[in-house]
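Both complexes below contain chain A, partnered by chain B and then by chain C.
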Partner chain A sequence: MDYKIRTEGQYTVIALRGDVDLHHSPKAREQILKYLGEQCHVMVDLADVAYIDSSGIASLIEGFQLAKQHKLQFGLVGVSEPAMQVLKLARLDRVLPIHQTISGMAPVSIR
Partner chain B sequence: MTTALAQTEIRFTSRSAQLHRVRGEIRSACEQYRCSRECIDHIVIAVNEACMNVIEHAYGKECDAEIVLKIFKDGTALVFHLIDHARPSDRDCLRPQAIDLSRPGGLGVLLINEVMDDVRFLACAHADGNVLEMRKTIE
Partner chain C sequence: MDTARITSGKSVNSIKPADLPAPPQAAIQIVHACSDDSTDSKKLARLAASDMVITAEVLRVANSPFFGYGYGKKIQSIPRAVTVMGQRTLRNLVLCIAVRDAIKQDSIPGFDINAYWEDSLRRAVCARLLGRDVRLDHDECFTAGLLQDFGLLVMFFLQPDKAAMWPEMRRKNPMSRYQMEKRVFGNTHDKVGRMLAKEWGLPAELGDAISNHHGADGDAPDETHTRLCRLAYCVDWMAAVFTADDKSETLTRCRDAITRTFGLAPGVVEKHLDNVPSLVEEAATALGLGVGNQLKFADVMQEANLKLASENLSYQELTRQLEVTLEERDRLAAELNREIALAQEIQKSLLPHPDTPGQYITGINLPARELSGDFYDFFTLPDGRMYFNLGDVSGKGINAALLMAKTSSLFRCLGKTVHSPGKLLQQINRELCETTTRGMFVAVTAGLYDPANGTVRLVNAGNPPALLIGRNGTHKAYKAESPPLGIDTDTAFPEYEFNLSDDGLYLFSDGITEGFIAKDETLGITGLLTLILEVGARPAQQRLAAIVDRIRRSPEPLRDDTTILLVEKPHDNGARTD
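Right, the complex of A and B next:
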């Protein structure tokens, strides 16, 4: 797995690529928590994720929970088919905020 | 004429870096049985989670302990036996629990139970060790 960071509007986008599995998910978790810790609104781009397991999903849930605590925006964007399969099996596709693109999202209100 | 399909045996050590290869071998084995792509995807997800549980919880930090995965057909079911030599696992750990977002542990067990038709520990021939059986009826 590797990742790239970009800024789109008010969001820090963490684009993950490859397998987000037990071996690699600590790296994804570290980036998610780092940017939320810096009070950034975070979108995790899963378009190029070939595989994600429960450890990767747990990192996303942790980010979602932390963002809620800090009143930050957190969501998933461009979810690949393999990642969506896991989210659906866990019924988390109805829990985690999922967006097709960032450009179509409502702007973040300034607190 | 029908050709009997051999049992597949995948051996690996309790390192997370091995999981990528193991997933590929599970996929290849399932393709022999003409499962649908979605069915194979789901099986790979579930069996990977079971392998993760052995690496993370059964063996803990022990890195080079052996794990064996046997895959074979039994009637209309595809059967997976995941064998380790760790301390006997808590049999209750297979019980799926509702997802609690404040404590996302247990997600792996939920995924296994969502995909498989039957999941149970079999009696183990050794003093130490576990044999987890997962069965999936295939079309």
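Right, the complex of A and C next:
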């Protein structure tokens, strides 16, 4: 897995690529926590994720819980088919905010 | 003869002949005349008479105890010197004086020129000693030794701002010094020496020794060069034994160079080196050069041996430390393995015993590592109804195993009083939400089966669909309606309700459907359905074992904990009859 960071509007976008598994998810977690720690609104771009396991999902859940605690925005964007299958199977699509694109989102109003 | 500074701070990688220091003219004329076979002693006397200073100096040096050319009778004139010494020896002696006077004592500010001459004299003395052994003209060897590194002095003369580098350069062995010259000056003493030999019109053999006593990278010259030239290389290492920081290494390389070049017997080098300090003092007196206190070879040896001993000691110490560290690592690894084995034992005790399946419920858990993040359990309530569950904690390893232990314990404890799987999971979820960290969650499928009327109440929170499979191959999937536990306290856990009848209800973790059955091929839901139908005739326990085996036998390593549970009414012979 590797990742790229970009800024889109009010969001810091962490784009993950490849397999987000037990071996690689700590890297994803580190980035998510880093930007939330800097009080950024964070979107995780999963468009190029080929595989995500429960450890990878846990990193997203942790980000989601931390953002809620600090009244920051957190969500997923451009979720790839394999990642979406995992999220839907576990009904996590009901928990994590999922967006098609960032440009179509309402401006950040909380905080 | 005076030598004015020709240039200051001149780049030494583009030296022109005009930049070079000039030797005393009369001296160089005598050198040239001596090299000419047609020159007679009268001509030499005429030349010498043109510069009385040089004449007096030549005679003084020739009569010195070190050179002692008069053999007890003082030489008082140049023609007499020619008769006693021969033209060639006279030429070499004059050259020594010429090179000594080419750069004045104080012309490089901050540069210890006496130290330079001391090193040059050491090379000259070593060359004279070694020259005798290898049957070369030892006087010519002395001159070559004195001249061979003159290019270095010229480089400092042209770039006096580099004078501060000299002490460091002096402490290096010849090879390292050569590299340092390249870095500091962008040039080397042999290349500058070559220009000098040409410009001063030095005799061919001396020119070769000065110009070529190093190979391309400061290494030994090859066999195409004269023996004098190759001797000059060995002499460099001999002299450096007294000045280099690493005396042990320098001495070893000095012995190697001399053995390789001249095949001298062991011990010869050491015998010569022992004589070097006193001879340097004598030669310095003869040439009127000042040298400091000479380090004795015994002291050099002591320093070299100390270095060897300390290196040997640190090597032994390092080896010992490594051994201790490895022992400590093995001890800690064994301790950790013991701890994990104990945790494994405790964890297994939390799962139903694999050899005693329930009458209605059977399960198998295959951990991907020593400890599992998956679990299953079942127990009967006093009224005969049976609770069962199958859970999958996010991640793997010790942290997943601990959360697994907590969740399955909560299930067993609270399940005794809460007789609705939806409400039970709600309570466990709230408990977990209060305490879980790092986003960890638990997918759980839980059900309550009443064997009296066949009713099943089932909740799927984040697991793959539970499959109800009929004997005729019909099937129904009960997908997750809720997310896993531990994420959101307000999660609702709706229940499915259906009759088990004679069907089999299969619960499984994603380790089953995502388990590899071939390279790049996972079992998947369809594969699982097909497999269940294939093994349908076998007793329940064997059916589950066959499914898990399919994944276990794959050449791909198990990437996830793999767990499957079956709820089914018992048949007469323990297997399906159709």
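Just so it is clear, the second predicted complex is superposed on the first by the 109 of 111 C-alpha atoms of A that agree within 3 Å, B and C clash if a C-alpha of one lies under 4 Å from a C-alpha of the other, contacts with A are read in each partner's own complex, and residues count from 1 in each chain.
By our rule, a contact is a pair of C-beta atoms (placed from the backbone, for glycine too) under 8 Å apart; a residue touches a chain by one contact, two chains touch by 3 or more.
Every value quoted in this text rests on a predicted model; they were computed, and no experiment measured them.
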If you stack the two complexes on chain A, which partner ends up touching A:Asp53: first (chain B), second (chain C), both, or neither? both
Taking the superposition as given, does A:His23 touch the first partner, chain B, the second, chain C, both, or neither? first
For A:Ile98, is the partner it touches chain B (first), chain C (second), both, or none of the two (neither)? neither
Is A:Met84 contacted by the first partner chain B, the second partner chain C, both or neither? neither
First (chain B), second (chain C), both or neither touched by A:Gly63: second
Hey, what residues of chain A end up touching chain B and chain C alike? 21-22, 53-55, 57-58, 61-62, 64-65, 89-92, 95
How about chain A: which of its residues touch chain C in the complex? 21-22, 29, 53-55, 57-65, 89-92, 94-95
List the residues on chain B that touch chain A in their complex, please. 16-17, 19-20, 23, 38, 41-42, 45, 48-49, 52, 55-56, 99, 101-102, 104-105, 107-108, 110-111, 114-115
Please name which positions on chain C make contact with chain A in the complex. 392-396, 438-441, 443, 461-464, 479-484, 487-488, 510, 559-560
Quick one: in the complex, what on chain A touches chain B? 19, 21-23, 51, 53-55, 57-58, 61-62, 64-65, 82, 85-86, 89-92, 95
